[in-house]
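There's a structure below that I have some questions on.
Letters A, B, C, D, E and F name the chains as they come in the text, with residue numbers starting at 1 for each one.
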Amino acid sequence: MDKLLKLVNDSGLANIEFGQVVMMLLGLVLLYLAIARQFEPLLLLPIGFGALLVNIPGAGMAAAPVYNELGELVSYGGLLYYIFKMGIESGIFPLLIFMGVGAMTDFGPMLANPRTLLLGAAAQFGIFGTVIGAVLLNETGLVSYTIEQAAAIGIIGGADGPTSIYVASQLAPELLGAIAVAAYAYMALVPMLQPPIMKALTTKQERKIVMTQLRPVSKLEKIVFPLTLLILVALFLPSAAPLLGMFCLGNLMRESGVVERLSDTAQNALINIVTIFLGLGVGSKLDAASFLNLQTAGIMILGIVAFSAGTATGVLMAKLMNKLSSQQLNPLIGAAGVSAVPMAARVVNKVGLQANNQNFLLMHAMGPNVAGVIGSAVAAGVMLSYLG
Amino acid sequence: MSDLMQQGWQLLVLGMGTVFTFLIILTFATTAMTLIVRRIPQAAPVATPTPSQRNNNALQMEKIAAVAAAAKAAHNR
Amino acid sequence: MDKLLKLVNDSGLANIEFGQVVMMLLGLVLLYLAIARQFEPLLLLPIGFGALLVNIPGAGMAAAPVYNELGELVSYGGLLYYIFKMGIESGIFPLLIFMGVGAMTDFGPMLANPRTLLLGAAAQFGIFGTVIGAVLLNETGLVSYTIEQAAAIGIIGGADGPTSIYVASQLAPELLGAIAVAAYAYMALVPMLQPPIMKALTTKQERKIVMTQLRPVSKLEKIVFPLTLLILVALFLPSAAPLLGMFCLGNLMRESGVVERLSDTAQNALINIVTIFLGLGVGSKLDAASFLNLQTAGIMILGIVAFSAGTATGVLMAKLMNKLSSQQLNPLIGAAGVSAVPMAARVVNKVGLQANNQNFLLMHAMGPNVAGVIGSAVAAGVMLSYLG
Amino acid sequence: MSDLMQQGWQLLVLGMGTVFTFLIILTFATTAMTLIVRRIPQAAPVATPTPSQRNNNALQMEKIAAVAAAAKAAHNR
Amino acid sequence: MDKLLKLVNDSGLANIEFGQVVMMLLGLVLLYLAIARQFEPLLLLPIGFGALLVNIPGAGMAAAPVYNELGELVSYGGLLYYIFKMGIESGIFPLLIFMGVGAMTDFGPMLANPRTLLLGAAAQFGIFGTVIGAVLLNETGLVSYTIEQAAAIGIIGGADGPTSIYVASQLAPELLGAIAVAAYAYMALVPMLQPPIMKALTTKQERKIVMTQLRPVSKLEKIVFPLTLLILVALFLPSAAPLLGMFCLGNLMRESGVVERLSDTAQNALINIVTIFLGLGVGSKLDAASFLNLQTAGIMILGIVAFSAGTATGVLMAKLMNKLSSQQLNPLIGAAGVSAVPMAARVVNKVGLQANNQNFLLMHAMGPNVAGVIGSAVAAGVMLSYLG
Amino acid sequence: MSDLMQQGWQLLVLGMGTVFTFLIILTFATTAMTLIVRRIPQAAPVATPTPSQRNNNALQMEKIAAVAAAAKAAHNR
C-alpha cells in the first residue's frame, strides 16, 4: 500500500509546479513554431523537446550525478546533464557545428568582391550596440545584468546560432537557454524583421541599383582563403581561433577536394548528431528558475534591438561605401551582413526584386552574408578576450 | 557614469574597432592573395592538373580496376 | 631469455581458464546464431564478439583504469570498459537506441484503432508474471534472486532489447549479460515460440476473423500523438520519462517532416554506431564469473516463461474484448502485444494466413505491436520507481 | 509468505495496475486527440498547407535556385 | 585603454615564438602535400591543420583544464586536449579506425594463397631492423632514445597508420607527432621509395614471372577466417588482441553479410568522424618543443630505413620461397608485405607491368598486403607485451 | 654492449621470432580451416541457402510488402 502511495507521490501530477507547467507550454510553443511555422526547425525542435523533458517533475533528465563522501559514484546523472556538461559547457558541440557549417559554406561570392567584408563588419554593430542596450536596461533598475551577461546577450545580434551558444556558454551559462531561443527565433523572423528597416533606410532608386556580375573565383583562391583567414586570426585575435579555426578546417576540407568523405561526414552525419544533442542540451537550460524572470524578458526585447541595429548599420555602411567609391553597391545587400545564413540573403533578394523584378541580388548578398559569420566570430573573440 | 556603463562603452569601441580592423586587414589580405594566386601559371596545380598527367593517372586506375574486375569475375565463376 | 619466458607466460594458452573457454564457445554459438540462423544479428553479432574479446586471458579489453594513491592515472582501461561505463551503465546508449527506434516507428495502425493499446497492456503480464516466477524459483532454494534481480529478469518479457538492457543496467548490472542474451535470443525465437500458444488458445473460427480495414490517419494526428504520450508520462509516470521521452523525440522528428536530416541520422548513422558499441558493451559482461552459474540457467528458463505468458495474456485479452464489444478483433493480434517489433506482427500475419489465406493481419497486428513497446516502457518505469 | 514473495506480488499488482491504467488513459487521450484534430479545418496546417502559399514558396525557391544556377554557370564559364 | 593594451598584448603577433612559426610552416607544408600532392590527404590534412591550430599563441586549443585546490573545475581544456586525451591516449580512436579498416578489407586473395602470409611476416623486419637502427643512432651520442622510443619508431616500418599511432601513444606519446607524420608521409612516398629497391633485388626474368590464377574463395571461408585469427591471437599473443580484435570484428561484420548497416557505418560515418578527430589529435602533438629536435630528425631518417628494409626483406623472402618450393611467386609481391594498403600492391602491379605488360599482379599482391597488416599488429603486440 | 643495445637485439629476435611463428601457425590454421570448410556439404549454409527456402522467405516477404502497400494505398486514399 505504501508502495502504491510512493508511486502516486512520485507522479508528475503530485509534484508539478506552476513554473514547470509554464515552461512545458513554452516547449510546446517552440515545437509549434518549429513544425507548423518552420522556424529554424533543426534547432528549435530539439530545443523545444528538451524544454519538455527537463521540466518533467521527478524525471531527473538533467540531474547531476551523486557522489558519496568518498567520492564514489552513487547514481548517474541524467542524459541531458551529460550532454550539457560534456558537449556545451566544454564548447565542443558548437565548435563541431562550426566545422560542419564551414564545410557547407561557399566563400566564392565574397572572394569575388572582398569589399563586402566591410558590410559584414558594420552589421556587427548589432552586437555591441545591444551590449549598450543591456547596460542601459540595467541602469533603469528594472533588470540587472553583469557585463558578461550583457556581452552574451549582445551576441544574439551576430545572428549566428553556434556562435551565440558558444559565447553564452562561456560568459553567462545561466542565460544560455533564453539567449539561444532568442537567437534562433529572431533568425527565423528575419523575413519579417528586416524588410521594413531596409526600406526605411533606402530610396527606391537605391534599391534598384544593378550590381556588376561577380567574377569567377578559382579553386586555388578558395583553398587558400581559409588558410589566410586562419593565419590572420593567429596573428591578431587568437581568442577567436577555436571558432574560426574549426570553421576554416571545415571549409578547407570542402574546397581542397581531396577529403570528400570527411567533408561529407562533417556536413551530414556528424553535424546532424551534434545538432540533436546541442538542441537537447540547450533545451535542458529552459527550466523555470533560469527562464521565468525579467532578465529573459529583457533578452527578448534586446534581441529585436540587436537584429534591427545590425540590419540598419549594414545598410548604412553600404550607402557610405557608395559615397566613397564609384563602384556602386545595392545598399540592400548590407542587411545580409548580420549573417542569418542564408535567410538574410534571400530576404535581400526578395526586397530587391520588389524594386526591380529583373535584379537578382542573391549571389551579391552571399558575400556580406558569410562575411557576417566571420565578423561575429571576431566579435565573439573580442568578448572572450576582454571578459574571459 | 556607472562602472558597468563604462565597460559597455569600452566594449563597444574596442569591439567595433577590432572587428573593422580585422576585416579591413582581411580585405587587403584577400585581395593580395587573389593577386598572387592569379600570377601562378595555370592558376592551381590541384584545380587544373596538366591533362596528360591526370589522364595518365586515370588511365592507370582504370586499368587496375579492369584487372581487378576481371580477376573477380574469374573467381566468382 | 627471461623476456621470452615473459612472452610465453603472457600467452593466452598459459593463462586461459576453463570458464573462459566455455564463454568463448558461447560467444561462437552466439555468432553462429547471428550469422547462420540470422537471430537478431544486429545485436547478437557484436554481443557474441564482445564475449570473445572479454574472455581473452590477459588482453584486458574490459580492464578498469588504474590510478595511484595520488589519484593520478597510471594506465588506461580497456576499450570495452569505457564503452560499458560511459554508454551502458550511464543508460545513454539504450536511450539513444530508443530515439532511433522511435524515428523508425509508425504509430498509424495504432492510432487507427486505439483499442489495441489494451492488448499491448495485457501482454505485459509476461513481465510481471515472470517476476513471480523468479520469486518462486527463489523459494525452491536452488537459485537466489533479489527483488531487483527478479524485476530485471521479468523485463525480458517486454520483448524489447533496449528496454531490457536499460532496466538491467539500472537494477541488476551483474545479470546484464544473461538478460540481454535471453531477450535477444527469445525475440529471434518468436516465430517458433508463439504459434503453438496462439493456436492452443484460439479456435480456428476465431483465427479466421476478418477485421475491418483501418481508417486513414492524418499527419497531424501522428505529430500530436508523441506529444500526447509524453505529457501523460510527465503527469503520471515520470520514471518512464527517459525511455519514452527519447522514443517520442525520435517519433516526433520522424512525423514532423521538418527535420528529415536529423530523423535520417537518428535512424541510420547514430543508431548504427550506438548499436555496435551497445553490443560490444553487453558482450563484455559475458565473463565466466557472472555468467556460468545457476542464476543464468534460471534466467534462460524464466525467459521462455516470460515470452509465453505475454503471448497468452495478449491473446486472451483480445478474446475478452470480443466478449465485451461488438467490434470483433482477430484474437491472434493479441500475441503481437509482446512487442518484438516487427517479428511478432509477422508471426500473427502468418498464423492468420494459415487459417484464412485471404486474411492479411499484418497492419492490424502493428497496433498492439507498437503498443507493446509503450507498455513495456511503462512497466520499466514502474519497476524503476518502485525499486530504483 | 516470505518478504521477497510479498514484494513480487506487490510488484505484479502495482505493475499491471499501472500499465493498464496508463494505457487506458492513453486510449482515451488518443481518441480525444483524434476527435480534436479532426475538427481542425483542413486537418493540419503543416500536412496540407494552402496550395497557393506552398506554391508561392516553391516558386520563390525555384526562382532563387534558377538565379543561383545561372550565376554559377556564368562564374564557371 | 588598459583593455586595448590587453587585447594587443594577447594578440598572436605579440606572443608568437620562433618555434611556433616554424611549426605553422610545417603545418602548411603538410597541407600542401595533402592537397597539391595528395599525400594521404585523409590524415595529413587534419594533422596539418591540427599543427596550425596548436601553434596559435594564446589560443589554448590544446590547453589542459584547470582545477582549483578543491578539485573543482575552474576552466575547461581546449578541444584538441579532449580529443587527444579521450581518443588517442586512451587508444580508442586507433582501435575504431582499425575496426573500419577491417570492414574494408577483403582477405580473399590471401585465403586463396595462404603462403603469402610469410611475405607479410618477412617484411616486418622493417620494424625490428629499425629498432636496431634507432639503438645504433643512440650509440653515436648524437640523439638519445629509450628502448620504448626505439620500439615506437620502429613501428613506422609497419607502414600502417593506426598501428603506428596506437603503439606510439602507448610507448612514447612524446614522439607521437613525429612518428605519425613520418608514417603517413612515407606511406605516401611508397611509389617512389619502393621501385628502386624492388628492381635492385630482382632480375628482369624474376619480375616477369606469371603467377597462377587465384582460386575462388567461398563466403564461409571468409567468415571463418577472422574468427580463426582472433582465436589464435587469444591463444598466443593477447597483447595484440585490442588491435586485431577490432580488426577482426570489422571484417566479420563485412563478410557475415547479416549486419550490412553496421558494416556500412563502420566503413563510412564512424571511420570518417574518428579520422577527423584522430588527425586533429595527432596534429596537436606537433608543438615546437616536442618536434623541433634531433630526435625528430632521427625519426625521419629511420623512417626511410624502415620502409626500405621492409621492402627488401619482403622481396628476399619471396625469392627464398621460390628456392624452396616449386610453385613460383613473382618476388615483387614480397614488397607488398609492408602493408601501406593498397598503395604498395599498386606499386607491385605497376613495376610488374613494366617487366611484362600482360602480367597483372594486383590481386596477387593483395595477399601479402593484408598479411602485412596482421604482421605489424602482431609486432605491435610483441612490443606492448615486452615493454608495456 | 650497452644495455639499450642488448634490449634492441632481444626485441629483434623475439619480435621476428614471434611474427614468423604466429604467421606460420596462421598459415597452417588457415589451410586447415579451408580444408574443413570445403568438406562442409554445400560449402556454407549462409552463403548458399537452399534455393527453395530462400525463395520461400523472399516470397513471404514480398507478399507481406504487397499487403502493406495495399493497406497503405487504401489509407491514403
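The definition used in the following text is that a contact is a pair of C-beta atoms (placed from the backbone, for glycine too) under 8 Å apart; a residue touches a chain by one contact, two chains touch by 3 or more.
These numbers come from a predicted model, not from an experiment.
Q: Smallest number of touch links from subunit B to reach subunit C?
A: 2
Q: So which chain is farthest from subunit C, going by the mean of the CA atoms in each chain?
A: Here the answer is chain B, farthest from subunit C.
Q: Would you mind checking which chain's C-alpha centre is most distant from the centre of subunit E?
A: D
Q: Between chain pairs C-D and C-F, which one is joined by a greater number of C-beta pairs in contact?
A: The greater number of contacts lies at C-D.
Q: So how far apart, in whole Å, are subunit A and subunit F when each is placed at the average of its C-alpha atoms?
A: Each chain's C-alpha centroid was found; their separation is 48 Å.
Q: Would you mind pulling out the distance in Å between where the CA atoms of subunit A average out and where those of subunit D do?
A: Subunit A and subunit D have C-alpha centres separated by 26 Å.
Q: With chain centres taken as the means of their Cα atoms, state the distance from subunit B to subunit D in Å.
A: That pair's centroid distance is 41 Å.
Q: Residues touching two or more other chains, restricted to subunit A: which are they?
A: If we look for residues of subunit A contacting two or more partner chains, we find 3, 7, 35, 223, 236-237, 256-258, 269, 382, 386.
Q: Going through subunit B residue by residue, note those that touch at least 2 other chains and give them in order.
A: 14, 18, 46
Q: Every touching chain pair, please?
A: A-B, A-C, A-D, A-E, B-E, C-D, C-E, C-F, E-F
Q: Enumerate the contact residues on subunit C facing subunit D in the complex.
A: Within the complex, subunit C touches subunit D at residues 111, 114-115, 117-118, 120-122, 124-125, 127-129, 131-132, 134-136, 138-139, 145-147, 150-151, 218-221, 223-225, 228-229, 232, 236-237, 256-258, 371, 374-375, 378-379, 381-383, 386.
Q: Which bits of subunit B are touching subunit A when the two form their complex?
A: Residue positions touching the partner: 2, 4-5, 7-9, 11-12, 14-16, 18-27, 29-31, 33-34, 37-38, 40, 43-44, 46-48.
Q: So in the complex, which bits of subunit C are touching subunit F?
A: Interface residues on the subunit C side: 3-4, 7, 35-36, 108, 112, 213-217, 346, 349-350, 360, 362-363.
Q: How about subunit A: which of its residues touch subunit C in the complex?
A: It comes out as residues 3, 6-7, 10-13, 15-16, 24, 28, 31, 34-35, 38, 41-42, 45-46, 49, 52-53, 55-59, 61, 76-79, 82, 268-269, 272-273, 275-276, 280.
Q: Given the complex with subunit A, which residues does subunit C contribute to the contact?
A: Touch list, subunit C to subunit A: 89-92, 95, 99, 223, 227, 230-231, 233-239, 241-242, 245-246, 248-249, 252-253, 256-259, 261-262, 264-266, 269-270, 382, 385-386.
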